[in-house]
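First chain written, first letter: the chains are A, B and C, and each begins at residue 1.
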Amino acid sequence: MNLRFLTRLRGVRLTRDGWWFCMAGICLFFVALNSGNNLLYLLLSMLLSLMVASLLLAEASLRGVIPKRQPPPRLHAGVPFLMGIALRNEKQKLPSFSIEVEDLCDDKVVDKRCYFLKIPSGRTQQTAYRHSLPRRGRYVFSAFRISTKFPFALFRSSRYIEHRSEILVYPTLISLEHWPKALTSAVGDQSVMRLGRRGSFHALREYRQGDDPREIHWRSSARRQRLMVREHEVEAVQQVTLYVDNSLPIDKQHDPEELAKLEKVISWGASLGAFYLDHGYAVRLCVRSELPPLPLLWSPASLQKFLTTLALLPTVSPEVPFQRPPPVPRSAAVPVSDHGDSLVVIRSGAPVPREKHIGHVVEAS
Amino acid sequence: MNSAGSVPGTTPRTAAVKAAYSTMVRLVQSIGQVVHGKSDVIRLAVVALGARGHILLEDIPGVGKTTLARALARATGGKFRRIQFTSDLLPSDVIGVSVWNEDTRQFDFKPGPLFANVVLADEINRAAPRTQSSLLEAMSEGRVSVDHYTHTIEQPFLVLATQNPLEHFGTYPLPESQMDRFLLRLRLGYPSRYDERRVVMRGSQYDPVEEMQPAVSCAEVQQLQDTVCIVRVEESLLEYAERVIGETRRSPLLQLGVSPRGFQSWFRAAQARALSENRDYCVPDDFRELAVPALAHRLVLPGGSQGGYSDALSNGRAEAERILSGIVERVPVP
Amino acid sequence: MRFAATHKAVSYLMVTTAFVMLMLTGELPLWLSLLVLGAMGGSYFFDPQQHPFMLGRAYNYSLYSVVALLTLLLLGNAASAEAFWDGGLRVLCILLLCKLWQRRHNGDYLQAYVISFVMLLGATFVESSMVYALLLFVYVVSVMWTLTLFHLRREMEENYLLKHLPGRHGQAAESERVEVERILNSRRVVGPPFLLTTAGAGLLTFLFALLLFVLLPRFHVTVDLPFHRRMLPSTGFSERLELGSHGLLRDNPRVVMRVELPGQSPPKTLRLRGVTFASYQNGRWSQHRVGEQPLSVQHGAVALALNVPESVRSRAQRAEIYLEPLDADALFTPSPGRALSLQVPESYGGLLGAQLGVTTDGQIIARGRRSPLHYSVLSLPEMPRESSSDDLALYRQLSPEMRSRLRTIALQVVGTTQGSAERAELLSGYLQTNYSYTTRLWKPSQSEPIFDFLESERRGHCEYFATALAVLLRSLDIPSRTVNGYLTAEWNSYGKFFVVRQQHAHSWVEALLPGQGWVVLDPTPPQSSAPRLPFLFKIRQLLDGLDMGFGKYVLEYDVGAQQRLTDRLSSLWPRNEPARSERAQTNSGEWRRLLPIALLLGGLGLGLLLLVRRLRRVELPMTRDVTEGRGLMKLALSTVRKRGFVRGPGETLKMLAQRLTDEGDPCAPSFAQLVEHYYAHRFGQLPLDRVEITRLMRELQAIPPQASSRPTRPVAMKSV
């Protein structure tokens, strides 16, 4: 019997023990052939049927087992995170034993495994593996590979289960210890705690989920028999415009060193933006792009949007101009004062965009 | 072992389904004579009407949004009103106003244009938020509260709102709660070359909508709406829908998933779509095909950018639809 | 049940089973077996983990050296294969005990398993009874348990049981090892349901092994290996006859032979002739292989008597003899009778490499034969009429002083009777009535123990009786000889065969009577053969019957049996009849030989194919299945899949149908209609129109598959 054939099957692989087992079987076969002792044939067929039983039991163990991913809410490039894996056994009666789950990220197997000793029928068990994704961007986790050596560790049977999740990896946030002092003092001398609670009255509107209860206008609420809240115009805040230079000359766009530098720049941009948003500044992000810029971000809640934008930022050629912040129309719901702009260019040696309001230039180290 | 009830053509249930189907067919045919080459959209509009839902037509100007709305109104034979939304429009302009009546010495309510069977809210995103919000109650509950009185709007009541997503200046984006109240968001798109030529050749003085005769009566529309509720939805379909909804809520790419109201709307729309194909039971395609029109506008992208609005880096609406399509393609259908 | 305790218990079950199998073969001395069993039992309650000195390296090395020394002692001066074999078994026992007393971690268990397998292998070489099969079953079940638990334990000890603690603020997450001890002592991992299910799987595995056993091809590849079965020391039967040298003959119930008499009604008793003795002196008979001629096997048969006319030959009867390993060269034939030919199995069985010979008095000798042996004897029911005159002198030989002394005794008995037949009758009857049977030995007082027997003791066992009669006959000039063999009355009604045990060994006399030829005379007083415990006797008979079946159908299963089985199976299909006869005309033998192999390979190939298909399929999570009508759609989908259209996870059936239509596939219309029917049934709860469905399905399957390749994945979804 040609056993190599078995090993080539996708999904079934002989383990080292399995090889020994096969060798024992082959030896036994020849001895049985020579001696003509039928009991040796019986023993040989026992070995063979143990192998078949092993395959079938492994199949039974893998059947009806459904893995799910539980990614953490926020991921940053290069930072280890825990990917939760939940394994559910949907079989009616039989438990599943000894199952390994491997994740497929961008069609490659992640080198981490999750091991489940036993999953009783109808139950779900959870575990996690530690992993870190080196680059920002969108990652597609396409499928799982579940495998088992159950019951005798002769074979490793595996199968793929499609389960797609897209995961957005934000740029790495650099911790505050390395924060440029000059910059923070320059723009942070009048820190504003929260935005949107002061300023002149704009309108009354119906209460929506998530509104600050302190903004409820009780008098009109009583009159209308439903909760009404005040809307304010946002008062003047410190505004920071971040120009993040996402360009590389075309001939260097595949140079790993240059790309690493660019990543660093983006990561600095993300860190600064996160810092400012956290400290109550309004942040405007300008990158090299043909698309219109993001609206002005002015609350910690919009950090996600800011980071998403940076996470998906493509590399462009230096000919592409920086986005120009649009004039803010008077009629917009969020009027923001346009004074006190600070311009931060994060790119060592990069040409400074031809903008007038250059405040501080921070060299990223 | 056939039970007597399952013999076709004998039960009141089957008769109701037949009647509803014929109502829908007549509506589609009638509108189709005016709006050319858009049978898909027309059918969905009729489905929305059947499901007591409101429609948000969103497209660039000049592709026939208003024509479709007017045709729908004419075809149902109900009262039709059109409100052109502008930034200075006040809630009272829409709802109505109480006027002091010297003779009776009390306030008389003068109903606004909202009190009609089909209301076309043109360029809804041009009005201030409070005016937009004034539609909320009417759309969800079919009544209007002014001062201390509640006025009921007669059924059938359908709001057809149009908006132009590309214009930014002087517009107020619809809040999520408002978006959530629309059953379907439809897009017309450019007509085919042949259809476009037909429209152009027709000449400008002649308005075919004015010539339209009502295809169905309001009573028939109401009967259709009642029939939608009896359409059977099998357990596994419900589970399928739950999974899709659950996926939108879990997706890391979305800030807000579909609300229970959204689920309900999707469900009802699927039921109505089943009727439009002369079935008294739903099939997976009903849910599958309506997923994007019924759900995409309810999704909220991270950073507060709504599925309905254009975004700095990518078109948010397209993004929401893409994410939703991804989910729908992934969740196994029964 | 605690995991570790369960693992230990089933491991011991497995190892003990293997050892008991080896023990039951009788290859190990009893004292050693009991010692090893006791030591194994002791080790069960010994925990090496609590004795730190056992974990050290010094202990390890000293143990290794002791074992190596013992091995050297036991195997170093083993001159023969047998000595090597014995020594090897002892080394195995030592190794097993070492491992069992040294269960420090999981790997030690694995080594114990390997040793147990080697023991099983050893037992397989020498065992041939039914008990083997039963114990093998126990072994298989315990293997299932043991290996499964072993695997789980290894996985949990060596691998991934890491516990992750979520880090703060999505920063570095921490990991720590889970206490394996805790899981090993957990009661939740395995329980009785697990063991029961696994035992069920073990039963199925065993049955499948039996099936494979039947199917595995047997070849005639016979290379002489030094692995032989140990010959059973014959305690009753002997190829020598020396009065006063044998002890308890009646007590050993070990089966030495089973005899089937096909096509005959069983006689009351069956005599099996082994060796004859001609010359007697001083209480000792010696064997004369008179006129021994070499024999050769031709076409599986050995001709013994050539000059027998065909008319006589037709009266010959057949006896199938299944001989257990017996330490004797003789082959047994039914007596009285005249063996015409022997038939041996195609593979020669135990006769491979043996020297065959036959003597003029009908002894068949196979020197250097191996066991077990199955042969059939074709024999005439009567003895040969006469011998040559040279031989007769041999059968009358007696020393002169003995002759005179015996003649007086004989003449006292026969008196005036003259005819040889009558005289023999009288002498035989005299011995039967006036002497008593005993197995107790007495010490002979003179050089001729036969006079002690005849004159003073007047009691003895069958050899005394036979000798006495033989010499008495000789003193009266009647040619006679003694015969050693077996006399059995134990007819097994379950298996329809005679059982011959060690205790059935017997001696009797053959005398040449004028006009009658050689006649069997048995002077031994008949023994009461009624079983003491009838119930136990019945059980023993049943077990014997099973054992016989095991020997006949399992041990003897060979190419011929495989062929017969195939023939029987193929005769179940009457359609194959003409084809088979055609083949038979051309080259029947080869074909038949290949058929079982082809069947086996075909079956295995099919199984593998199915397995591969199963494994290749990527299964998608499905929560609930609706069984009704689902088979229909599965079939339709598989048909469509063969045409290159694979349904994506989020693709509804209608969309698939639409895709088929768009691609212009010819099966699109029927598929679309099928989908409509299926939808109406599945979601609308309408009854399925079976006639219509069958029609559509036929239509769908009738369309030949296209050769051109198709996109196998659904194209991107059409958005509305």
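Note that contacts are C-beta pairs under 8 Å (C-beta built on N, C-alpha and C of every residue); 3 or more make two chains touch, one makes a residue touch a chain.
Owing to the predicted nature of the structure, the values given are computational and were not obtained by experimental measurement.
Student: With chain centres defined as mean CA positions, report which chain is farthest from chain A.
Tutor: Result for max centroid distance from chain A is chain C.
Student: Which chain has its Cα centroid closest to the overall Cα centroid?
Tutor: A
Student: List the centre-to-centre spacing of chain A and chain C in whole Å, with centres computed as mean CA coordinates.
Tutor: For chain A versus chain C, the centre distance works out to 63 Å.
Student: Taking the mean of the CA coordinates per chain, how far is chain A from chain B in Å?
Tutor: One centre to the other, that is 36 Å.
Student: For chain B and chain C, what's the span in angstrom between their mean Cα positions?
Tutor: For chain B versus chain C, the centre distance works out to 81 Å.
Student: Indicate the residues of chain B shared as contacts by at least two other chains.
Tutor: Touching at least two other chains: 330.
Student: Among the residues of chain C, which ones contact at least 2 other chains?
Tutor: Within chain C, residues 620-621, 623, 649 contact more than one other chain.
Student: Can you pull out the residues of chain A that are in contact with at least two other chains?
Tutor: Within chain A, residues 73 contact more than one other chain.
Student: Sort out for me which residues of chain B touch chain C in the complex.
Tutor: Going through chain B, the ones touching chain C are 2, 6, 40, 44, 232, 234-237, 239, 279-285, 288-290, 292-293, 321, 325, 328-334.
Student: Quick check on the complex: what are the chain C residues that touch chain A?
Tutor: Residues 117, 120-121, 124-125, 127-128, 132-133, 136, 140, 143-144, 147-148, 151-152, 154-156, 159-161, 164, 166-167, 170-173, 175, 183, 188-189, 194, 197-198, 201, 204-206, 208-213, 216, 218-219, 221-223, 225, 227, 347, 554-558, 604, 607-608, 611-612, 614-616, 618-621, 623, 649.
Student: Once bound in the complex, which stretches of chain A touch chain B?
Tutor: So the residues of chain A in touch with chain B come to 71, 73, 164-168, 203-206, 208, 289, 291-295, 297, 301-302, 304-306, 308-309, 312, 323, 329, 331, 333.
Student: Would you pull the chain C residues touching chain B in the complex into a rising list?
Tutor: 620-624, 626, 648-655, 679-680, 682-687, 717, 719-720
Student: Any idea which chain A residues touch chain C in the complex?
Tutor: Of all residues in chain A, those touching chain C are 1, 5-6, 9-12, 24, 28, 31, 33-46, 48-50, 52-53, 55, 57, 59, 63, 66, 72-76, 79-82, 90, 94-95, 97-98, 100, 113-115, 117-118, 127-130, 143, 149-153, 157, 159-163.
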